[in-house]
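Structures are listed in the sections that come next.
Shared between the two complexes below is chain A, which pairs with chain B and chain C, respectively.
What follows is the complex of A and B.
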């Protein structure tokens, strides 16, 4: 039956994929070999999709300017922040963070900034990369 | 209904990880025909309301948006409206417009997603991929505005947290034109295609009387010709300033039959309405602050002193949804919080819709009120006379549904 469904089907077969083939068009079986090929310039990386302008990534925390007012603890929905009484600073557990950015809004000294960093996978929730100001 | 006059009992549900609101339906069958459907909601309890009662309102906003995976905006919108109502805080006018734009963008993405799910349930995976591909455009726009594809963290008590500035207008307009250019095609596929018509026309009928009696909400009952839309009946955000009308099939020259076809029609026409509403919002957007209380520490104090009850009521893509909040003076946390989502109302409309249909129609009828369709997992058929059990999982049901499409087309596809 020559319905629009059939035309759509044929057209979809010939359309370019919407997915960005990152890092390379055909994923190689051996990533290490591919990495060395990329280093030697024989293989070029497909550029990743741009990060959106208001992207909410990993927090950065400015320990120096923090005054220890504890306001950020009052708005953190996932309790990813802990107060260190002897230092009068806060500790941030990245693995608990939901990236809502409410601490950024409430901080009177602008200690928190949401960066563009999104590669946060790790095996240990309490490793140095995943705890700010440990 | 007694067991004597039925042959089979098919319980479907209750638990599947993909569900927001897990429920179970007990079907009684006479051969292939459904003679009784008995929905059982309340099978899963996450205790989100209880968690909310141990947090202050600003902490609850990100929690509220996680009630639903698709309507992130709906729940934070309702919750903030309820808190504003309870505490007597007014959002700024610009915030009202931004909220409306965001809510309508979400309606577009939710309805386009639903169209894909419906097509998948009757065996047209090409359309599933087509609709979900075009849905990406609005997801990209939402990501561009808020920085995230879902869980937008956009709302705050008294306004919004991110502005929609003038330099974002071209991108919004671009997205709207994209959907407008594709709309005719969508309509052609879902309303014009004879094979889809066969599976949706006169299937899962909800009469106007039943729709009113069972208090269904949203596109589910608008398809039956019930004029019910919170955006018009009790305008919130900026809807009072905008021009909009009830979307019912008779407005476009169709009959208000309340079958799956009319529900599809209503949802597709609402996409066009949303495009129009966003354009109106962008044109009329006032120049103002986006937040009536930018100092959040002051706001927290104000909320601690507030005493009273508030409600947030709005038209989610699936229909009317509702939040109730009670604040007590001197208590930082919420005193009480109650959420009623639209699927809860619409579950009751399942009973008349399933009546007299076949097992193979279960997937598309279950999908037509737009719940999370993963519930089709774990169905068991019990033969009452022999006690023999047969498992029907989602794939079996899906296969039955696809086979029915093929059968109805006489193998011509």
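What follows is the complex of A and C.
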């Protein structure tokens, strides 16, 4: 008997799910096995939800063009930057950063660029990936 | 207690706000919404640390919250994983020179507690799921299933 309930049910079965299945739909049986499959390209991961415009992600630091003026150190609200006096360059700790983008605005040489990268998690908050120009 | 394979498939999570600005808390709630839906991984937010396997800490630890944080950690049964969400909890972030802060959280935890740091200010819900992935990898290594 085709009632409105049946129509709604069929409609809901056919519509796309609201869930974005990042990175895989369900928990893999073994995460290490799944990680090696992803590395070899046998298993593809679903991309994350699109990031909004002007998203402030992890910083990228251009070591070559930095002149060591220390302006970024002055504006940083969370001491995420440290000066290396012998090199006259700065060191950036991503795990201390608040992603305010003030160093990007003040840098006269545009050494800092806010990238779209945001997948940063691990057992060490000062790992090599989370310290720029270590 | 022996770690079983079913342990990682149903991680029950308890959320502690230890002085957070509510940014990371919102992202944790967003991860539970149908858009991201962490319940498909068996992750469930519970109301008591006695039911939890994973503790989610957000925010630098304020002086008033320090004793409560320690108490919550003691109440959680072993084996447990601590997840520090956001940069405040992991390094105290913008509150690094505040007189009201006793953090970061890793200085208060007992020796050898496994901690997963989810970096971001605030993190995106995908990054939280990424942090859970790191926790799974850690638990598998603990069980000896990392082949």
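The working rule: the second predicted complex is superposed on the first by the 86 of 134 C-alpha atoms of A that agree within 3 Å, B and C clash if a C-alpha of one lies under 4 Å from a C-alpha of the other, contacts with A are read in each partner's own complex, and residues count from 1 in each chain.
The criterion applied here is as follows: contacts are C-beta pairs under 8 Å (C-beta built on N, C-alpha and C of every residue); 3 or more make two chains touch, one makes a residue touch a chain.
Please read these numbers as outputs of a predicted model, since none were measured by experiment.
S.K.: Please indicate which partner A:48 is in contact with in the superposed arrangement: first for chain B, second for chain C, both, or neither.
M.R.: second
S.K.: Looking at the overlay, does A:18 come into contact with chain B only (first), chain C only (second), both, or neither?
M.R.: Both partners, chain B and chain C.
S.K.: Looking at the overlay, does A:59 come into contact with chain B only (first), chain C only (second), both, or neither?
M.R.: neither
S.K.: Could you say whether A:111 touches chain B, chain C, both of them, or neither, answering first, second, both or neither?
M.R.: After superposing on A, A:111 lies clear of both chain B and chain C.
S.K.: Under the stated touch criterion, which partner chain does A:102 make contact with: chain B (first), chain C (second), both, or neither?
M.R.: After superposition on chain A, A:102 lies in contact with chain B alone.
S.K.: May I ask you to name which of chain B and chain C touches more residues of chain A?
M.R.: For chain A, the partner with the higher number of touched residues is C.
S.K.: For A:132, decide between first (touching chain B), second (touching chain C), both and neither.
M.R.: Neither chain B nor chain C is touched by A:132.
S.K.: With both complexes superposed on chain A, which partner does A:93 reach: first (chain B), second (chain C), both or neither?
M.R.: second
S.K.: Tell me which partner A:77 touches in the superposition: chain B (first), chain C (second), both or neither.
M.R.: So A:77 meets both chain B and chain C here.
S.K.: What is the shared patch of chain A, the residues that chain B and chain C both contact?
M.R.: Correct list for chain A: 18, 77-78, 98-99.
S.K.: Enumerate the contact residues on chain A facing chain B in the complex.
M.R.: Chain A residues touching chain B: 1, 3-5, 8-9, 12, 18, 52-56, 71, 74-78, 98-102, 105-106, 108, 114.
S.K.: Show which residues of chain C lie in contact with chain A when the two form their complex.
M.R.: Counting only chain C, the residues touching chain A are 8-9, 34-37, 40-42, 84, 87, 90-91, 93-94, 96-97, 106, 114-121, 123-124, 126-131, 133-134, 136-138, 140, 145-147.
S.K.: Flag every residue of chain A that touches chain C in the complex, lowest number first.
M.R.: 18-23, 25-27, 30-33, 35, 48-49, 51, 77-79, 93-99, 118-125, 130
S.K.: Which residues, counting only chain B, touch chain A once they are in their complex?
M.R.: For chain B paired with chain A, touching residues are 55-56, 58-63, 124, 126-127, 129-130, 133, 136, 143-148, 151, 153, 156, 161-162, 185, 188-189, 192-196, 296-297, 300, 409, 412-413.
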